[in-house]
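As C-alpha cells, here come the structures.
There are two complexes below, and they share subunit A, which is joined by subunit B in the first and by subunit C in the second.
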Partner chain A sequence: MNRFKSIIAGLSEIVGPSGVLTESTDLVAYSYDGTSNWHATPDVVVLPTTTEQVAAVMQLAYDQEIPVTVRGAGTNLSGGSIPVEGGIVLCMTRMDRILDIDAANFTATVEVGVVLNKFNQALARQNLFFPPDPQSFLAATIGGCAAENSGGPYAVKYGIFKHYLLGMQIVLPGGRILNLGGKTVKNVTGYDLTLLLCGSEGTLAVITSVTLRLLPRPETRQTILAIFDEVTTAGGAVHRIRQSGLIPAKIEMIDNWIIRRIEEMSPLGLPRAAEAILLFELDGNSAAVENESREVIRLCREADAVDVRPAKDAEEAENFWAARRAGFSAIWGNSPTVLAEDVTVPTDRMAELISTIQTISRRHDVPVVMIGHAGDGNLHPCILTDKKNAEHFHRAEQVASEIFSTALALGGVISGEHGIGLEKKKFLKLAMEPGAIELLKSIKQVFDPKGLLNPGKIWEAGP
Partner chain B sequence: MNPIGAIDPARCMKCGFCMSVCPVYIHDRVETHVARGRNMLIKMVAENRLPRDNAYRASLTYCLLCRRCESVCPAGLLPAEITIHARHDVVKKSRPSLLRRLVHRAMVGNRAVIAQLIGMASVLPGVSVKNGKPMRHLAEAASILSGNLSLPSGALRSFARPIPRHARPAAGVAVKGRIAIFPGCVFEFFMAEIARDMITALARAGFEVYFPQGLSCCGHAVYSDGEFKTARLMAERNIRVLSNFDRVVTGCATCGSALKGYAGWFEKNDPMHGLAADLARRSVDFTQLLHAADFKPPEPAGIGRSVTYHDPCHMRWHQGISESPRRLLQSISGISYREMEGADACCGLGGAFGLTHRQIGLRLLDEKMTAIRRSGAQTVVTACPGCLLHLKAGARRHHLPVQVLHISRLMAGPNP
Partner chain C sequence: MNRFKSIIAGLSEIVGPSGVLTESTDLVAYSYDGTSNWHATPDVVVLPTTTEQVAAVMQLAYDQEIPVTVRGAGTNLSGGSIPVEGGIVLCMTRMDRILDIDAANFTATVEVGVVLNKFNQALARQNLFFPPDPQSFLAATIGGCAAENSGGPYAVKYGIFKHYLLGMQIVLPGGRILNLGGKTVKNVTGYDLTLLLCGSEGTLAVITSVTLRLLPRPETRQTILAIFDEVTTAGGAVHRIRQSGLIPAKIEMIDNWIIRRIEEMSPLGLPRAAEAILLFELDGNSAAVENESREVIRLCREADAVDVRPAKDAEEAENFWAARRAGFSAIWGNSPTVLAEDVTVPTDRMAELISTIQTISRRHDVPVVMIGHAGDGNLHPCILTDKKNAEHFHRAEQVASEIFSTALALGGVISGEHGIGLEKKKFLKLAMEPGAIELLKSIKQVFDPKGLLNPGKIWEAGP
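Our next item is the complex of A and B:
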C-alpha cells in the first residue's frame, strides 16, 4: 500500500469513511473561499465530529508531516482557508452542537461548526444576543469567526469577536487537547492564550469549541437613513454624532455607485445623485431609542443631510438593510474580479480616507466602490477589475497598494476584520515592525514547530 | 424568464448563503453537494479545467432542485437551473439508453398505454424498471412502487372510474369562467380521485371545467434530467392543447411549476417561447384560483379535525405559493389549523433524489415526521403527488396515525 492510501485508510479509521472525501470534485469544492482569486486543492478533506477525532487526525498529520488547513464555512475574504500547500483540509462544519446556553451567567459554550445565525436564533428564544455580526453570518461558523476575530456593523457599540471570547478548547499540532480561559468576564491568569488564538487565522492550533459571553437582547430597534450630497458631509455627520456622546449600534455608509445599482435593481426611491447614504441603527429600551433617534435625525440635518428618513416599521427597516446587503452583490455582479479591501482608520479620518481613495481611483482609471462601517472607521473599498486582463489587474493591485499606504499614513491598519491570509501578506511589512513580525514567527514556532498548520499565511516566506 | 446571467455559474460570489438553507447540505455538510460547490464544478467543466467524469456526474445528482437557495442568493442566481443545464450538457455528450428514449418518447403521446404497462408491471413481484436510473414521472411512479414506497391501495382501480371530461356549476350558479384542468400523470392515472375532487370543487366554485384530451406529461422530470429535446416536445404538445382556455388549473405542484416555467425551456428566438409565456400567464394553481374566487369549502366529513399543511418545494419555492392553501384550510368550519415547525422544509423525495440518495431523503423525511408529530395534527394536507406518497410512507415508517391528503379532498366535500 502506498503512503497516500495508507494515510487515507488511517483517516477513515478515525472519522469513518463518510468523513473522508477524496474525489476530484470534492477537492475542488474545498479549494476556494469567499475571495475571487485564490485557489488551491487539498489532497483530502476530513470532516471530524468530535474533539477526539480532531486530536487523532492532528497526531497522524504530525507523524506523517502533512499540512493541515482548518476550514469552517469558507466564507472568509482573505484567502486564509485556502490549502496552498495541499495536504488535509480539516473542515469543522460537522462539529455543530450548541453544548450549553447558560442564561443565568450570560454565557454559552458551542462547538466551532455552529453557524453564527443559527446560534443567534437559538439565543433569541431565550432573549439573549451575541453581537459580533460579520455579514456572512448566514453561513459563517463560530470557529471561523474566532480564528478571524470577526466583526461587523455592530462593532460601533458592541465591539468584535474578541470582546466576547472567554474560553476555548483547542487541539495542538501533535494532537494534544487543551482547555484555555474559562467562563468569567474577568480572568487574569497567566498570558491570555485565548486571545492569542483569536484572530490567529488557524495557524497555531485547531479550535474545537468556544465559551462566549452573551448580552440580553435589546428591547427595541430603530433604523434611520440619511442622504448626503458629499461624502465629506456624511463623514462630518458621523463625527458630530460621535462627539455628541450617542453610541448608535450601527453606522453604515454606501456610496453613489451602489446607490445607483440599488435603484436599478430594486428601487427604494433614493436620489441617484446622492454621493453617500448613512444607515443608523439605534437599540435599547424604547424610551432611550426614541430620544436617541430624535437626536440622530437632528444632528444629521444640522450636518446638511439632504434628507433623513426614519424607518416607519420593521419591514421598511429590513428594506433599508437589504439594500445595504444588496450593495455587495451588485459589486460582484458587475465585475469579474473584485479586490474587497478592508482598511480601517480612526473614525475622524474616514472622510479623508474616502476622498484620497477617490483620487487614487481616478488617477489609475480603476473603479473603486465604497461600502463602509462608518461608525468604526472600517472601509471596504472594492476594486473592480478582471484577473484575465493582466494590464488592468496590475493597475488594480497598484490601487490596492496605494490604499494600504493611505490608511497607514492616516494612522490606520490594512485589515479591520478580514485578516491577512494570503491576500495581504505581502503588505504585512508595511503594517508591522520587523521585531513584531519576528515575535509572530517565534510564537508560531512554539505552537507548531513543524510548520504544518495553515502554512503559507500571514507573512511571506524568508527572513 | 431567466434574467440574463442568472444561469451563469461564474457569477456566483461564493458568499455561501445557499449553505444556510440547502436541505442536502444541512444534512451532510459536504460542500460538493451545495450550490456554491456545484457552481464552481460546473464553471470549471465549462472552462475545460475538469473532466465530465463519473464524480462530476454524481455531483450533479446531489440537488433536490427545490430552488430554496434562490431565496437567499444575493447574486440572483438560479442554481437549480444551472444544475439542470449542466445535466443537459452531460446528456448531450452521452447517448441515453434505447429503453429510456423509447419510454420518454411514448410519454409524449401515449401516456395511457405506458401507465397501464406500469400498472400491470407493478403488481408483479420483483419487477423494477428503475435499474438505478429511474425513468421519470409516470416512470417514477413505477420507481416508487419498487423503491419501498407503495402507492395507496386502490390506485390502480382508478382506471375503472374515468375522470369526467366536462363539468358545469350547478344550475342557477353564475359561471365564473371556462377553465381547463391539467391533472398530470399521477392524478390522471394513479390517483384519479384527486382529479375528480378538483373538478367537483372547481364546478362548485362556479367554473365550467374541461379536462382536455391529448395532453402530454408535463415534462418537468424529463427537463430536470437535462433531456431538453423530449421535454420540449411535451411542452409543445401541452401548450397547443391548452391554447384555447382562459385559465389552466393545476393541482399537482410539479405540473404547475412546469406550466409556469415552459418559457424558460425555449430559446428567446423560438416562437414557442412567446406561446409558453402566454400559457404561464394563464396558468394558476388550484388553491390560488379557489382562494381568489372566495371559495367557501364545504363542511368536512370523515377526516381528523386538526389539520396541518406541508409546503411542497414545487409550490413554495418554484411558484411562490404559501398563503392560498393555508387560507383555504383555515376557512373550513370545524377545522382547527395548526402550523407545523418547518412546514416549508423539503419532505426528502425531490423526484428521484429520494430514491437515488435514500439516506439523505430518509433523514429529511424523519425530521418532517417529527414536526408533524409535534404539531399534534391528525390530518396532513399537501399539494404534490410526490410529497403525498413520501409523507404516507413516512407516517407508516414512524407509526404515526395521521391521514395524508391532497388539498382537493377538503375542498370537494364528502365523497359522492
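Our next item is the complex of A and C:
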C-alpha cells in the first residue's frame, strides 16, 4: 500500500494531479470494455497529454514492475482493454490533437486520442476521407483503431486500418520513444515495425501518434436497400454483384430479428417477415455511380430480391445506415449479456456460415442475431445470453466455440476485426500453429521483456 | 572441402542431382543481381520443387551452419540476393505452380517461383487483376516481390505488395514449416507475421507460397501522354490533378535524357527538347474513365503542357508504356555501371527533389537520369558511372549519399521499393533511429538465431 502511495505520487509529478485517478468511483469506469463482459479494476488511471509524459510513466512502471494497460475510449469488444492484472490504466483520450492534415500529400498525423468521427469531420472540411469505419466511430479513438487494426463496412472497397498506416510514434516499455515509418506509401526501410504494432492489441508498445494515408472524398455516394425472403438468396445477390466486377464501397446484411427491432424503434416500412436485408453503398465518380447503381438494382432483382429501394437522397441514405447501426444497439438493449463475435470466412461461404450458425443456435436453444459485412465475409453473430444465468451462459459459450470451429472449417478466421483479447485467447491454438504462437511470444519478449504491457491477452499463460 | 562434398551429397539426396549446381560456370549466374554492381559466388545452388525439400535443405544448413541466400529471378536492384558469405543459394524458380485461383473470393494461392507476368496472364483469362507491378514484371517472381514488398506505377491508386498479402507458407531456419495468415482481408489473429515477412529481404524465413487478394479487371483503361518544357511545370500538373480528387492508376515521369534515347531507339515523335513527359493511366468504369480523361487533359493544358496526347487505342497505349520501360533499359545500355536509386518523398516535394539532384549531379560532374513514379513521390535517379574508374565511381557514390540526405531532409525515405540490401545498409542509420534498428536485430535473432539466412544485409555488422 505504501509502495503504491509513492507510485501515485510519482505519477502525479509526471502528469499533474488532474491526470491521475484513484477514487474507486473513477476506477470502475476503466474496468470494462464495450461489451461489459469482463471486469477488472485498475489500481490507478493515468491520463497523459504528451509523449514525454507517456515515456516517464512507462519508465516508472518498468522500474517498479507495474502492469500497464493502454486504452482509448474502451469501445473494443474482445476484452483487450481490461486491466486483468490491475496496475496502471494508461488512458490516451487527452492526447487528442490533430497534429497535421497535409492535403497536398493526402496524409495526416494525429495523436492517438483523436476520436475517429471527429477526425473524419475535420477531413471532410478539406474534402478528404479516411475509410476505416468501425461502427463505434462516434466514440472510438484512432489509437484503439491502430491497436486493433479496425475494419468496418468500407473494407469491401477500401481495406482496413493497416492499409492506411504510414508511420507512428511509440513508447517502449522502459520509456524509450521511437519514430517508425514515415509519410510515404512506398517505404521499404527494414522490417515494417508499424505493421507489427498495428493489431498488436496494446501488448508491444504504447502508440502515441500515427501518420495515415488519406483519400480524396468521393464525388458521389448512393445507398441502395434490397430485401430478401431468405439469407441464401441475399448471399446469391452478393455473389452475382461481386462477380460482375463491381466493387461497392459497402455491402452490409441484417437479419430478421434486427429488421423487426428496427420496425419497433424507428419504422422504415420494412417487411417484418423478410429474412435478410442488404444495404449497399456505391461511391466515386457520378457517372460511374449512376451506372453501377443501375447494375446493382438489376442484379438484386435478378437474384430474386423482394424489393429494391435506392435512397432518394442523402437524408434517406443516412436513415438506412442509422438503422444498421441502431440494429447493433438493439441487440444490447434486448439482452443482459451479448457475445459479439466477428468470425470471417471467404465471401462465398457466408451463406453456409449463417445457416450452420442458425442450426447451432437452435440446437443449444440460445438466440443468435446476425449482422454481417456481407461484402468481405465478416459476420457478427451476436449471442444473446445472461452471465448471471450460469447454465445459459455455459450454453452460449458452447455456441461461440462451435461458431469458431465452423468459421475455421470453412477456411475462415476466428476474428476479422475485434481482436483476440481475453475472449478468444483460449481459441488461438485452433487458429494458429504452435510454431507461430511461439514466434508471437518471442516477439513480445523482444519488446516487453518484463511482460508488463497489457498482460494476459491474446494467448493463454503457460507453455 | 570434404565437409562440403558431404553437404552436396546431402543436398542431392533432398532435391535430386538435377536440383544441385556446383560447376563454376553455373555458380557465376547466381553471383549478381539486376544491377551487376555486386558479385559473390555461392558454394552451391539448390533448386527445390517442394516446401518439404526447402525444409530439409534448411535443416541441413542449420545443422551444418551454412549460410543460405534465397532468391527468385534475381531482378532486384539493391544487392539483396547476393550470397556475400557464400554457402547455399536457394533458388525458388522451380516452385512455380499457381496452386489456386479462387475467382469467387478474389484470392489466389501461388508458389513463390511464379513469374509475375505469367500470374497476371492467368488472372486476365478469368477477368482478374493483381496490381503491384515492379517494372521487372516480365521476369520477377512473386516470391521476390513478397520479400522486397514491391511497388511500381500502379501504387498511386492500388498500393503495393503488402496491401494484397493475405497469407503465406514459410520455412524457418532450422526447417520448421509454418502457415501464416489466411485468405480473408479481415483477419486479426495475433501479430501479423505475414507483414513482418513482407519486405524482410529474405532475412527471416524462406517464403514458399503466398495467398494474395485480387481485384476484378477494370472495364476500361486510357493512357494519356503529356509533354512539358520544365520538370517543375510537370510537377505542377501532377499536383493539380491529385488535388482535383482524381486518382489515376499511374502517373509516371521521364526526363529529357530518356526522351532522347527513346527517339533514337524507337521514335514516337516526342519533342527532343522537352524536359519532362508525364504518362497517365486511368482505369475503371467506362463512363468514369471518359470523364476523368477529359479532366486530366484539361488540367495538363491549364498547367502549361506543351502537348497532350491521349492514346488512340490499346496498341498506342502499349507503345507509350513500352517506351517508359525501354527508357530504363536505355540507361543500362549507356553506362557500364548504374546506381539505380529509389528515394521517395511526399508527392509535393518531388520537383524540389529533382532540381536538387540536378544540382548535385552538376556539382560532382556525374550524370543522373531520372524516371519517376510522379504520382507517389517515388523517384528513380539513375547515377551513370563506371565501377572500374575508381575516381568516377567514388564521385558517383558521393552523389548517391547526397541524394539520400536530400530525400530524408524533404521528409522522405531512402528506399521506396528496391529495399536496403547491400547498397543502402550503411545509410540505414540515417533513416532509422538506433532503437528501431536494435528491434530489427532482435527480431532477426528470434527467427534466425544462428544468423544464417541472407547474412550481411539491411544493417551493417557490429553494435
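Note that in this section the second predicted complex is superposed on the first by the 462 of 463 C-alpha atoms of A that agree within 3 Å, B and C clash if a C-alpha of one lies under 4 Å from a C-alpha of the other, contacts with A are read in each partner's own complex, and residues count from 1 in each chain.
Basically, contacts are C-beta pairs under 8 Å (C-beta built on N, C-alpha and C of every residue); 3 or more make two chains touch, one makes a residue touch a chain.
No experiment lies behind these values; they were computed from the predicted model shown.
S.K.: On the A-aligned overlay, A:Asn319 touches which partner chain: subunit B = first, subunit C = second, or both, or neither?
M.R.: neither
S.K.: Check the residue A:Gln358 against both partner chains and state whether it touches subunit B (first), subunit C (second), both, or neither.
M.R.: neither
S.K.: Which partner does A:Ser12 reach: the first (subunit B), the second (subunit C), both, or neither?
M.R.: In the superposed model, A:Ser12 contacts neither subunit B nor subunit C.
S.K.: Output check: A:Thr220 vs subunit B and subunit C. Expected answer is one of first, second, both, neither. What do you get?
M.R.: neither
S.K.: Tell me the contact category for A:Val115 with respect to subunit B and subunit C: first, second, both or neither.
M.R.: first
S.K.: Tell me which of subunit B and subunit C touches more residues of subunit A.
M.R.: Tallying touched residues of subunit A, the top partner is C.
S.K.: With the two structures laid over each other on chain A, which partner does A:Asn149 touch: subunit B (first), subunit C (second), both, or neither?
M.R.: second
S.K.: After lining up the shared chain so the two structures overlap, which partner does A:Thr50 touch, if you call subunit B first and subunit C second: first, second, both or neither?
M.R.: In the superposed model, A:Thr50 contacts neither subunit B nor subunit C.
S.K.: Okay, in this complex, where on subunit C does subunit A touch?
M.R.: 102-107, 127, 148-149, 151, 155, 159-160, 162-163, 172, 176, 178-180, 182-193, 195-196, 198-200, 204, 215-217, 219, 239, 242-243, 245-247, 284-285, 287-288, 290-292, 342, 344-348, 373, 376-378, 411-420, 428, 431-433, 435-437, 439-440, 442-443, 446-447, 458-459
S.K.: What residues of subunit B sit close enough to touch subunit A in their complex?
M.R.: Touch residues, subunit B against subunit A: 5, 10-11, 13-17, 19-20, 29-32, 37, 40-41, 44, 50-51, 53, 55-56, 58-59, 72, 74-76.
S.K.: Going by the contact rule at the top, pick out the subunit A residues touching subunit B in the complex.
M.R.: 21, 23-26, 28-36, 47, 73-75, 91, 93-94, 96, 113, 115, 117, 136, 138-140, 325-326, 328-329, 332-333, 336
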